[in-house]
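Two complexes, one shared chain (chain A), two partners (chain B, chain C).
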Partner chain A sequence: MRRLIIGLAIALLLAVATLFVGGYLRFLLGQLAVAVIAVASLSLLGNMAGMISLASAAFMGFGGYGALILLTMMGMPLVFAIPLTLAAGWVVGWGMGLVAIRLHGISLAIVTFGFIQIFQVFAKQGGELSGDGYGLVVPDIVVPGLGHMTQDHVAAACVFAAAMTVVLTANLTKSRIGRTWLAIKENPIAAQMQGVNLLMVRSMAFATAGAMAALAGILQALLLGITNPNLYTIDTSISHLAMMVVGGSTGMSLGAVLGPALLFFLPEYFDLGAYHEVLFGGALLITLVIAPTGLVGVWERLAALVTGRKQ
Partner chain B sequence: MLSNLIGGLAVGSLYGLIAVGVALVYRTTGLVNFAQGELVAIGAYAYIFATAWGGSPLMTMLVALLSGMAAGAVFFLIIDVLLRHHQELRKVVATIALMTFIQGGARLLVTDRPQRAEAWLFGDRVVTVGGTYLPSNTLVILAVLTAIAVGLYVWFSRTIMGKAMAAVAEDPLRAALSGIPVRKMLLLSWLVAGALAALAGVLISPATGVFPAMGGQVFLAATVGAVIGGLDSIFGAMLGGLLVGVVQTYAVISVGGAFRDLIVFGLLLAFLLFKPSGLFGSLRLRRV
Partner chain C sequence: MTEPLLTLRDISLNYGGVRALTGLNLTVQPGSLHGLVGPNGAGKTTAMNVISGLATRSQGEMRFLGKPFRPIPHHLARQGLARTFQAAAIIEELSALENVQLGGYSWTKAGIIASALKLPSALRDEKNLRERALTILAEIGFSASPDARMAELSAWQRRQVEIARALMTNPRLVLFDEPAAGLSSGEVASLKAMLLSLRERNAGQTSILLIEHNVPFVFSLCDTVTAMALGRDIAHGTPSEVRHHPDVISSYLGGGGQARRSAVAPAPVGRSVGKVVLELDAVASGYGATTVLHGVSLVIQAGETVALFGPNGAGKSTLLNTIAGERVASSGRVVWHGAAINGEPVQRIVERGIGLVPQGRAVIERQSVESNLLISTMGLSLNKHDRQQRLDEIYAQFPSLALRRQSLGASLSGGERQMLAIAKVLIRRPLLLLLDEPSIGLAPAVIEEVQRIVATLQGRGMTVLIAEQAVDWVLPVATRAYAIAAGRIVAEGAPHDLADVDALADRYLGGAAAPISSR
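Take a look at the complex of A and B:
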């Protein structure tokens, strides 16, 4: 409980701090926060439950389009649209988990790869629901007490949400549920013998990850002011995967911050947009070969060296 | 009507060639190579560059095949040498990394715009068969697929090397014990996979143009073909690829292009969930 309160305080502090940095940097921090949430969702599946998903971009798209459809076409206020979209993301993730339970790791990767193509079909050919293939635009939103919602507000909200996600997933790792996921990752059969209900637990992991990715999608759409099919391609999913692996896979949620910071924030800040894919692919390969546990692992090894302690 | 079927078979043949590569690599390494489509693109780029240099058809094809094989060798080095002690899923992530690295690299080196490619051997000539017009490239594709199918059959059933490779796929440990150089057989399967993908790249380039993401478009369809065939069956992969090509063609005609991917995805899910061993697979595909 104390950890949670400290986490909440830090998240609030970071969000307020976001309001005081310069315009473009604030926008970038907002986007970084979105990437952190998406990577945390992927990391929950990959590092904790041992499943590889390439569908994170599709779930983000689901969140983005879902929230905007509710906001613009149904005229729903934001406070209802966000929870409803999250719940929908949770349900779709749960369904995906039911499929995942029956698949070998590699088949799951193929299916999630295909899932992106299917989402692209909706985004490009979904008619009115997807803005005739051009995407949807965020309407003018009035928040009671804040007035008209601006990008600054959204950026601060993104940073707050990302910090809370990191705190909550870190907490989850230490909880019964997190330990069950780890047990399944290490050895599914042994975990089942301990009485773990594989079907239940795996679909819960997917459902949680689905809701988290949907949250990232909602925030991204609000931050950018639009949704667009090009935001949710396989390249987006791969960039999340790269950030997750480069960030680190020792079960610490710090990796979900380090990866996006290195692979999203730095290239974006130094305007290396054209080199994105080569950077992501290259960093991913190099990490896999020379530092399989990612930046977090490197950090832990350095710390062990300095303190002279064996891990 | 006939031209639709032949067109579908031609597209399916290309999927089949790529799917055979997917299956070959899967049999020996237990991986699905997500960068198989990029081997197709590498072959296609090598082909148009060689054509621009003014090579004869034999030369241009040779250049394309060698580039595909060279890329296959690099994949082998990264995945089966550098990462040999890693878990399967990490190796799969490595192939995903290769996919995005090669696509991004191609975007930097050449333009993102599709480049035109001349059809191999006969150019744009059209043949009339029983009142239907067929591009000569379609016939070349069908002939190549037939030749490859026969070649693979003879290779796997009649030659020592082919049998050794089948043995490695069956059980690497026992194959090694009987003196088969397992590592060399792994390299060989990557080389063949690279060559077949490059061949598909040469043949598909007149229809789609040559661009960095061209491989991604065919990869999913080819992989679905390989899954339908059973993922570890070479001929299953070929037939699965053909089937996907024909289904796609008829899907476009009857319900429109938008639903093409939906139907292919439906096929993938249906097979993975209800018949994971595919039509001809030996089912070592675990269901955990």
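Take a look at the complex of A and C:
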């Protein structure tokens, strides 16, 4: 409980700090936070439970469109729209888990890719629900106590949510559930012998990842003020996957911050323009060839050198 | 008479064309330390997979704790059945303690939300798991730090972690799959003490079912032993009853160690037919940190048929694999026609004319018999005519394959697979044929066919090295023999001199008062 309160305090502190930085930086931090949540969702599936998903963009789109449909067309208040959309993301994730349950590796990735294709059909041809293919616009939202919600508020909320995501996934890693996910990744048969129902545990991982990606999608839509089919293409999923790989496979929670920080935040902040893609490809190549445990692994090795601890 | 803990009645199981179990009966009493022995291919691991629900579609009846039993893997922990695996199935990314905590999965409840928020219920579960895991690790004498990473642990410590994890489920019955594999003799002694103490848990009602290829170890440890051969039980009783049961001895040695009534004319024993083709000089080889062969030296001359006799785990397969380049000798030399070949890639060694028929019958299941054969001719740059000629030769030699040339590998019987595995090597016209336990799991009539093939090849002047546990079928064809035990050549000479029944039985099954053999 104490650690949870400390985590909450740090998340709040970071969120408040966001309000005091410059406008563009604040916007970028908000986007970074969205990417952190999306990558944490993929990392939970891939690095912990051993299932590669290309569907993060589809789930983000589901979150973005879902929340905006509830807000604009049904006039639902934000406090209800967000949990309802998360719950829906959870359920859809569960469903994808059931579909994908007997698949591994590339076949699983291709099935999850199919989810993006289905989502693209909705986003482009969903009629009124998808803004006739042009996307939806965030309405004016009044938050009790804050007044009209601005991009600044949303950016701070994104940072808060990302910080909490990191804390909560770190907790999960060191829990009964996290151990079970690692076990089904490395040795599903041994895991079964401890009483683990593979079907349940795998769909649970997909459901959790689905809700997390939906959260990223809701926050992104609120931050940008719009949804648009082009936000949720396979490119988005692949860049999330690349951030996950570069971030690192051990110490997943930290990796979900380091990957997006290097591959999204730095190039945008320093306006690397065309060099962005060079950095992207180079980082991926270097990670896969030289440091397969990613930035976290490099960090741990440096720490080990400094402290002289044997790895 | 108390109700047995576990009973298997007439269990049968087919894999593809192979009948892995053919009517197995097994009764495990509460509180007993029960050993399951049998030569390679007898179906021991399959039996374990049936009990733990990993092999399905079996026929027959099972009962556990007095109730009909249809094992579903993830229900077993709750029902009181735990198992360990041959290659310790531990999770490398978790610490020793976390691996053991996994075993408490079935009696803890904390879900995702409670775990992520560290709610009191999750913390309580975690505390219970931690305390219980630390207690069990201490009880079984785990000496490393509980927070150690798995990569830092020795084979024995990894084994201890796996056993502790099995005990976390509070089992009534623990299945042990080759727990002594890869352990030193001192560690085997510790394992034995540990297994004896496990039985005292649950007021002496915890049972152990153990399969292990180190047969003397089983006989010296267990109170009850069931012996298996060709997929069913052939003897059941005390270690001493089973040790001296004639069917058990013949299942290991084949035909009671006597030469099988001959399907072939006896080979000219001891003939020196030609110059030395293969020489091993003090070869050491193994897997990772485990050394299997300790300085093996042997010589094979052109035209000889050499037998390599030895029990399971003696290092026969490792020796053949080291010759064929599948494993690289860590020291010593492998010399082929005067040239050192150790360290050469497998492909190069195959081109030099050394052909290995591995254990387990390397047949491509989704290809036809003919495709299997043609795939083996790849890299030989044969023209269409030569290729057809070689196929015809093979079909002439293996009429059963000729009849099934369009059948898929998966549809072949065990005997046909063995023929195809041999044919796949012969079609390349090797100079030296290495056969790794070709008789495993085969019916006597099929073994005679293998014997006939070897005799024919011998007649054509081919050099053959046969690694075998079953002596009977090899005796009539072998011209010379080596005996291997615990990774060392222990005897060399005329086949009949080495195949003395009592001496072999002692070597395979342990003496009457069997000491634990060091491995």
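Everything below uses one rule, namely that the second predicted complex is superposed on the first by the 299 of 311 C-alpha atoms of A that agree within 3 Å, B and C clash if a C-alpha of one lies under 4 Å from a C-alpha of the other, contacts with A are read in each partner's own complex, and residues count from 1 in each chain.
Keep in mind that, in the parts below, a contact is a pair of C-beta atoms (placed from the backbone, for glycine too) under 8 Å apart; a residue touches a chain by one contact, two chains touch by 3 or more.
These numbers were taken from a predicted model, which means no experiment stands behind them.
In the superposed model, A:13 makes contact with neither chain B nor chain C. Contacts of A:194 after superposition on the shared chain: chain C is touched, whereas chain B is not. In the superposed pair of complexes, A:73 makes contact with neither chain B nor chain C.
Once the two complexes are overlaid on the shared chain, A:169 sits against chain C while remaining clear of chain B. Contacts of A:117 after superposition: chain B is touched, whereas chain C is not reached. For chain A, the partner that touches more of its residues is B, with chain B and chain C as the two candidates. Once the two complexes are overlaid on chain A, the chain A residues touched by chain B in the first and by chain C in the second are 189. Residue ranges on chain A touching chain C, taken from their complex, read 1, 3-4, 168-169, 171-172, 175-180, 182-183, 186-187, 189-198, 204, 208, 250.
Residues 31-32, 34, 78, 82-83, 86, 88-90, 92-94, 96-105, 107-108, 216, 220, 223-224, 227, 258-259, 261-262, 264-265, 268-269, 272-273, 276, 285-288 of chain B touch chain A in their complex.
Per the touch definition, chain A reaches chain B in the complex via residues 50, 52, 54, 99, 102-107, 109-111, 113-115, 117-118, 120-121, 124-125, 188-189, 234-235, 238, 241-242, 245, 274-282, 284-285, 288-289, 292.
Interface of chain C with chain A (complex): residues 52, 54, 73-78, 82-83, 85, 89-94, 98, 101-103, 105-106, 108, 110-112, 115-118, 120, 122-123, 125-126, 129, 165-166, 168-169.
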